[in-house]
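One structure coming up, written as structure tokens, with questions to follow.
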Amino acid sequence: MAEQIIFYILAAIIAVFSILAVTSKRIIRSATYLLFVLLATAGLYLLLGYNYLFAVQVAVYAGGVMVLFIFAILLTNRPGADVKSELAVRRVVAGITALAGVAFCAHIIYYNVNKVMVTVAQSELTPQQIGHTMLGTDKYQYLMPFEAISILLLACIIGAIMIARKR
Amino acid sequence: MQEPLEISNLTTWLDTTLRGIMPSMWVILIECVLVGVALLAAYAVIALILIYAERKITAFFQARYGPNRVGKYGILQSVADMIKILLKEIVKINRVDRFLFFAAPFFMIVASMLTFGAIPFGKGLHAVDFNIGVLYVTAVSSLGIIGVLLAGWSSNNKYSMIGAMRSGAQFVSYELSAGFALMTIVVLAGTMQFSTMIEGQRYCWNLFNGHISSMIAFVLYLISGHAETNRGPFDIPEAESELTAGYHTEYSGLQFGFYYLAEYLNMFIIASIATTVFLGGYMPIQVHGWEGFNQVMTFIPTYVWFFGKTAVLIFLSLWVRWSFPRLRIDQLLNLEWKYLLPINLVNIVVMVIIVLSGLTLTDLFPSLF
Amino acid sequence: MSSISKYFSGLFTGIKSLLVGMSVTWKELWTKKVTQQYPENRDTLVISDRFRAELTMPHDENNEHACTACGICEMNCPNGTITVNFKMVETEDGKKKKVLDTYKWDLGMCTFCNLCVLTCPSDAIKFENTFENAVFTRDKLKQQLNHEGSKMREKKKVERPAAPVAKAPVVSEVKVETPAAEVKPAVVDTEVKAVVPEVEVKPTVVDAEVKVELPIEEAVKADKEIEAESKDETTEK
Amino acid sequence: MEKIKELILSTVSDAVIEQKQKLTVTVEPNKLHSLAQALRDNATLPFDFLVYLIGMDRGEELGVNYLLASSTDLSKEIVLKTNTADRENPLLYSIADLFETAQFNEREVYALMGIRFINNPDMRKFFLNGDWVGYPLRKDYDANPELNPLSVESKEIIDIAPRIMETPEGLIEETVRIFNDDDYIINIGPQHPSTHGVMHFRTSLDGEIVKKIDVHSGYIHRGIEKMSESMMYPQILHLTDRLDYLSANINRHGLCMCVEKASQIEVPERAQYIRTIMDELNRIDSHLLAWACQTNDLGAITAFIYGMREREIILDIFEKTCGGRLIINQNVIGGVMFDIYADFQKDVKAFIPYMREKLVEYDRFFSHNVIALGRMVTIGVMTKEAAINYGVTGPAGRGSGWSCDIRKHIPYALYDKVDFKEVIRTEGDSYARYLNRLDEIEQSLHIIEQLIDNIPAGDIVAKVKPIIRVPEGEYYQRVEACRGEFGVFIESRGDKFPYRLKFRSPSMALVSAMPLICQNEKISDFIGIGGSMDYVIPDIDR
């Protein structure tokens, strides 16, 4: 009961702030709204008992949004001042596209919701388990993707350094 | 009961009585509210005490007396300040981004409150005991920086803006070091949960258990934690002599009060996490085999141990703060990226080796611990 | 290699310098504090005798002062702090004589340069070290220095024969009605002055010379006007 | 000096050379620049230090006096004079390209005397707003307050500088912009914790790096020079204390000496001793405050209070001696106002070892601190040439390796009788200036030590007429104030008021060098450099 109430609150927050994030004309406000969305998502994880995922969500995305802020501050002069409204035609087209997307997703969710329902295991995952899964080589363990991502990130860091040094 | 002065006695008694007279759902609700109120009250009271302590200790470092007019030895000074701050007008600033301007202090205060909730103040004085406690604390406390950035941006003030940019750079850097230092100890303790971590330090603090590596991690954590609280010599986002008040230049009244409160609480949080992770938290000093001694030590309530250890670290932080000049931004980043981070990375590897090859004190001298 | 050793030596000397700095603050933590606890230490507070806090006109037990209303202090004051109002009184032998009516001093304008005291030919005014001058309104900073019903001391003229207007100062009738009660504050005044140190060596040269130049009083009057003009100018800013 | 005369005549044949108090050369406005250049570039004895630049209202004519000194020997001085009869639109030639220090001084002359300088790249009024009506230091200035009403509205800052440039086609009046459109400009001041007063630096930044600084001053300009023209000499004295209030006694000493020399008043020996001791105490007091403020600017608030604590002891000695703590009113024309008190020697002698002990503590606490070193070493480097060119004297000038101590070059009071070292460092950075101050405290202690036991008995003040009339002429007296060379210029027409009085303020030179040495430093270092230069604003805003 209580959990359901909290879920609906979080869901509402996610919905409202998602819309605000894409409609706001000020980049830094958009970033803030996005942050709210991410935090509410983290709240959902907490609700499900995924503590680790919650903490990672907050740490990574709060940190990520912070970087967004910095870029926003660095890159914009007077935020939102120069943004022009789109043409009416374009707006309509965009609206239809968005609605089509929503309908598509709704369709999939509606027809598959019963199948997914049962598969969620409601047991507490310890950090140890997560760690072993991350760095294990068995079935349903993720050493390969983990390492692949780390190499990708390393490449990104080197790339960033190269770009920074060019200046 | 062995420890008559523990507050946990009271809480258990309260819990059992409540459960006796009403259904468990109501009990949980009431207990949630009680815990929340207690945490909020503790938050405010600790901040007030810290503010007083800092002013007094600072004064003594500076060959002054500090506040000594309001109440005996000025003990009511911070209460008076609090009342003043509550009554002060919130000045309206022209052309600010109002929503963000008002939201910013809340980020700050909410982040520090969320972290505050996870701190084990004593046996049974632990609101939430996550199995990922260390990670949680690191994650949640990083939200505070958003408050600083937003404040700096939305204030429509160039000093604030520079302060915000500086704090962004500073926070990104030092969060790394603080995290790595904590992870070093996680490697040693084998857990991220505060309660088990404290239990594991019954006879040997983590600070000593991993000897060299732990001590380095301790110092690194203190330095980077100190930097995260934006206090001198790392107070470059505020930098009084350069940016007047940095990111909170434009704030007044209660909004400024939030920043003020959060700054002190962050200092407390950093000290208490260091206490919990390195100095055995609320665990009394116990020596293996000395039963009489242990008995006496256990008689002192755990929360006294906790606050005592934390106070020592806070004093250390004040001592550092009032001894050094402020770093410049490039010195600050140099310190992090050229000194703290490499040392940290090496240190974490050393710690892994120590743990794996059984070189920790508890492994070397199992009879002592 | 050298860069590596530099890195570590830099690290260690840096840490050492920081620890030395901290040892200094640690020592200072326990040193005696020197802050004055002002209202509490009022009884023991020593204010230098020469401290210039308030201009006063010493009155003796007969409620008499030494001011001849010559106006030299007023002329010398760079800020127009002093206003000497005098009136002409006819003496017994029929001569007209200047007597001090009111001696006004505005603390708020005073820069405590001591010129008035230095140039006073009859030592009628002096600075006291009573430093607690805080008041709530600016008006209260404007003080009248001569006491109600006071008059000029006549004995003085023997010691200082050249005191300019003191040619035949006989007690004028106007002030005889001074009530006895008025005398009391004057007594208190002199007691305070008993504290004045013997070390105080006042350069007496200046007033010795004043006598010579005094006839130019009229000329100086004109100067005063010029001064007044310049004062206007500065106060506007 | 004969060679110099030859040089002058060979450069400008119609120059009028007179031997007054100083060698005085009067030239036509258009010849001045070439003469100044010849003197500056003179190889054997370069006159490359512009001591003062004074706008003069000579009655019919407006003019400017320049005092050039040689940086190698400060006692070698030449006064240059030039005049223009045009009172409506007076134009003279700028020497700002030869002596950078002339830049601000010429702007000051424009604001107060209305003379504009051809070829000065930035001819805005210094001290005054551009829309000020009238030129205050002119004798015919209309001080009617209605002309310049007090405004409580904030005024827009206009970053556009008018100037008059000389081109082959003739003179052209044009305007230049101080900043670009996309500059990120931040105001350091007028209210800012680290400007040491009401100073205003318009600073354009590139991230954290200072690109350009534009100095605005005059927020507390009190027109002391104008006020002095209607005050008798003893009355002016109390204003000198209010210029650079931290070297109040030394400033006053300067004015007293100027008048004493002009009217040939012999100062008693005892007074000389007291003056010298008080000057040195004042210097220690000022350097302590400078040290304290610099550490505070660098963020070490604790050090600030230590400095203030030691300073308090000196202030107590001042208070007991002459009844003032900051504005001490000690010197009068002909001597000193108050004799020393009974325990003076005892107090001072107790202070000397105490201060030495504290200097060691300062060293331990701050001078070797790794953070402090990073904030000061190689930061804000000023070369010796720049120091001379900008007229930066005092500890800052000596930090750049320029021997510019007036006490050594032109000894006054008892400085030729005592043994002390002129502290010179060649690095020219903040740290050199910082250490110079601490070393100068030590030297001052040494001077006091030599004098304190030998104060002779006697008068403390010479016999002086109550109304002092300075004989007709122009007089200039230089003293070594805490921040550099302080000078008093008096033009007397035999009256009891000066006809024109001008103070050479060391702080103005210090501030004029700020844009140069802060360029490309971080904003934090800009504050730190300001602390190391240690300017005092009321000294600039006379």
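A, B, C and D are the chain letters, set down in written order, and residue numbers restart from 1 in every chain.
The rule is simple: a contact is a pair of C-beta atoms (placed from the backbone, for glycine too) under 8 Å apart; a residue touches a chain by one contact, two chains touch by 3 or more.
In this text, all values refer to a predicted model and were calculated from it rather than measured experimentally.
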* Compute the centre of every chain as the mean of its C-alpha atoms, then state which one is farthest from the centre of chain C. => A
* Asked: When C-D is set beside B-D, which has more C-beta pairs in contact?
  -> C-D
* What whole-Å value do you get for the distance between chain A and chain C if each is reduced to the mean of its CA atoms? -> 76
* Mean-CA-position distance for chain D and chain C (Å) -> 31
* Structure fact -> Chain centres from averaged Cα atoms put chain A and chain D apart, in whole Å, by 62
* Asked: At what distance in angstrom does the C-alpha mean of chain D lie from that of chain B?
  -> 50
* **Touching two or more other chains - residues of chain C** => 18, 21, 24-25, 28, 34
* Residues within chain B bordering two or more other chains -> 61-64, 322-324
* Multi-chain contacts in chain A: which residues touch at least two other chains? -> none
* Which two-chain combinations qualify as touching? -> A-B, B-C, B-D, C-D
* State the interface residues of chain D toward chain B in the complex, per the touch definition above. => 184, 186-187, 192-194, 205, 208, 295-303, 305-306, 309, 365-366, 369, 371-372, 374-375, 522-525, 527
* Asked: How about chain C: which of its residues touch chain D in the complex?
  -> 10, 13-15, 17-18, 20-21, 23-25, 28, 34, 48, 50-52, 76, 78, 111-115, 118-119, 127, 129, 197, 199-201, 203, 205-206, 209-210, 213, 216, 220, 223, 226-227, 229-230, 232-234, 236-237
* **Residues of chain B that touch chain C when the two form their complex** => 60-65, 68, 319-320, 322-324, 338-339
* **Footprint of chain C on chain D - complex, ascending** => 143, 145, 150, 221-223, 226-227, 229-232, 234-239, 242, 302, 306, 309, 312, 316, 319-324, 327, 329, 332, 335, 337-339, 341-342, 361, 364-366, 368-371, 373, 459-467, 496
* **Of all residues in chain B, those that touch chain D in their complex** => 58, 61-64, 158-159, 162, 166, 232-233, 235-236, 239-242, 244, 322-331
